[in-house]
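We call the chains A, B and C, going by the order they appear; numbering starts again at 1 in every chain.
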Amino acid sequence: MTRLLDFFRFLGAQVVERIWRLGYFTRFAVAVLFKSGAALVRFQLTLREIWFAGVLSLIIILVSGLFVGLVLGLQGYEILQRFGSAEALGTMVALSLLRELGPVVAGLLFASRAGSAITAEIGLMKATEQLKAMDMMAVDPVARVVAPRFWGGVISMPLLAALFSSMGIFGGWLIGVVFIGVDDGAFWSSMQASVDFRHDIWNGIFKSIVFGVAVSLIAVFEGYDSEPTAEGVSRAITRTVVTSALTILALDFVLTSFMFRGIS
Amino acid sequence: MNRSMLDLWVGFFVAIAIGAMLFLALKVSSFSGIEMQDAYTVQARFDNIGGLKIKAPVRSAGVLVGRVTDIHFDNDTYEALVEIRIDGRYTFPKDTSAAINTAGLLGDQYIGLQYGVDERALSAGDTIKKTQSAVVLEQLISQFLFNKAAEGQDKE
Amino acid sequence: MSDDNILVNIENLQFDYGGKPVLRGINMRIPKGRVVAIMGGSGCGKTTLLRLIGGQLRPTAGKVDVAGETVSDMNHAGLYAFRRRMGMLFQFGALFTDLSVFDNVAFPLREHTDLPPALIRDLVLMKLQAVGLRGARDLMPNSLSGGMARRVALARAVALDPALIMYDEPFTGLDPISLGVIGQLIRHLNDALGATSIMVTHDVQESLQMVDYIYFISEGRVVAEGTPDEIRHSRDPFVHQFVEARVDGPVPYHFPAPDWSHDLAAG
């Protein structure tokens, strides 16, 4: 009987803790938005964070995009030629990249490259009392440190996703047209005929914007909320990557079910 | 990393990303419904539209001339009422007929316009009178089997 | 001492952390222009006291008045306006690791003033000259020694010429030379700026040489106070233990535990 009560007590404590943390996260998110003035007016602050989140992620995004495209080209051709429709390779590569793989894989890479770096930086600033020192100098750390990193991530993510998709399509073209010998004209025209700008490309960009907001917010929150010790910071980094990955995949399902419902 | 180098790299990054977006917009995709000029809407009634969907292409002589914008069921005549938006650059005679065709054997369905002989042109709000319903493959097959069976009975 | 000469007035200050009392009624009156040391063993709530004065924590009861205003009654904007007239040196300097020495000292000036870059440069070099590190302006914080980092942080803390400077353990982890340098700098900057300094430390010998007044805190209360001379000749057992660094005394060597023979028998 007491074991049962203990179990319910444990369950209740877990639920209360989760809800409390969610509320805290929401308040933090609202505070970041309200204190974004400096990050947007003194844009140099945000520019530096675009450099950290965007430019430094370029290599991993471009290389991964290329390889994903190459694999899509190989596997796609292998399957499509069984049905005698190898010309549809362009369509298959482009649609899978633009709708799903581009935003999702770029988002996962962004979370592990830029998101973890953002958490580490803010966490270390907290652990070494830099945030407290800033607060004592009458400079709001949320406005000066958190908001520029958030916006840097939000701006970088859709750009990275677009680069990832373009690189992937290039990779698919390289395998399909250059190495295997699918007709160049058929590759591009079948792609153009079935990829719709608003429906496919814009929805993909919209997804990447949503993922950018989610990952950046999780990264700055975990850093700001981390325990101010070396161990606490490393735990926060792990949480950023895990939470971001799960959030991206869950959001992707929700967004996809809204965007592509009832349309073939 | 001094400031001008940072600005340069960020500028470079944003420029190639915008280049990638332009590539996606211009080379990879087409704008549906955006490039149509002075489009006009006409209606057509079908007994059966098969698997026709909104945004399906409307073609004449194989060329894309418009899109299906709305499909609903008319409860008075028990027919499907299909709205078609046609690019304003193209005009068709008033007695043009519409048929629901299939691209390839199992491909998507589209509306094909077959021109008529009337001197007046089809204009906004008009209804296409002559229509040909979608070919439903199952019906076709069952009809074929039924005929074969009937032939077999005749021979006996 | 007349009332308008008092810069910081602390009355019956109490603070609980997670239901556990940390401060249990502190009273202090710190006059303008003085350097005051607050001493006590590790974990006795000294740093908490500084954060209460700076408004980063809210007291459970009692109040802190600085220049006649109650810190805990200030709103966010008021608190930030108040902190611009206040400098703080953190335990390990808390320099911004992504900024150079120059940019660290320039940080408060750039954030709070619209001064032209040339003037900011002059002001920063002036502050760095005062701490003897004008030549280190282009170094990054991770290439500084502990003592140098502390001096840069000191230059940053006084960048806006504050009326009140607080030091959190300024001597921790320094070699004897750096320790003496920091001690002299604190005294010198305080007198040159006409500021008031509050220093939290457990370094007795260094403090006795340079401060005007000392408070001893133990278990959340002020247990002794006086000028360095009074402290040196104090008969108070706590002060005696602290100054002479005795192992046992009013501050027990043993953490509270059940009777030793009882524990042995239980095994």
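A few comments on the model shown:
Going forward, contacts are C-beta pairs under 8 Å (C-beta built on N, C-alpha and C of every residue); 3 or more make two chains touch, one makes a residue touch a chain.
All of these numbers come straight from a predicted model, not from anything done at the bench.
Taking A-B and A-C together, the pair of chains sharing more C-beta contacts is A-B. Relative to the centroid of all protein Cα atoms, the closest per-chain Cα centroid is that of A.
Mean C-alpha position of chain B lies 77 Å from that of chain C. Each chain gets a centre from the mean of its Cα atoms; for chain A and chain B, those two points are 36 Å apart. Put simply, the C-alpha centre of chain A and that of chain C have 43 angstrom between them. Contacts with at least two other chains are made by no residue of chain C. Of all residues in chain B, those touching chain A in their complex are 1, 3, 6-7, 9-10, 12-14, 16-18, 20-21, 23-25, 27-32, 34, 53, 55, 108. Contact residues on chain C toward chain A in their complex (touch as defined above): 54, 56, 79-84, 86, 88, 90-92, 94-98, 107-108, 111-112. Interface residues of chain A, counted against chain C in their complex, comprise 121, 124-125, 128-130, 132-140, 144.
Within the complex formed with chain B, the residues of chain A that make contact are 44, 47-48, 50-51, 54-55, 58, 94, 98, 159-160, 162-163, 165-167, 169, 188, 191-193, 195-201, 205, 263-264.
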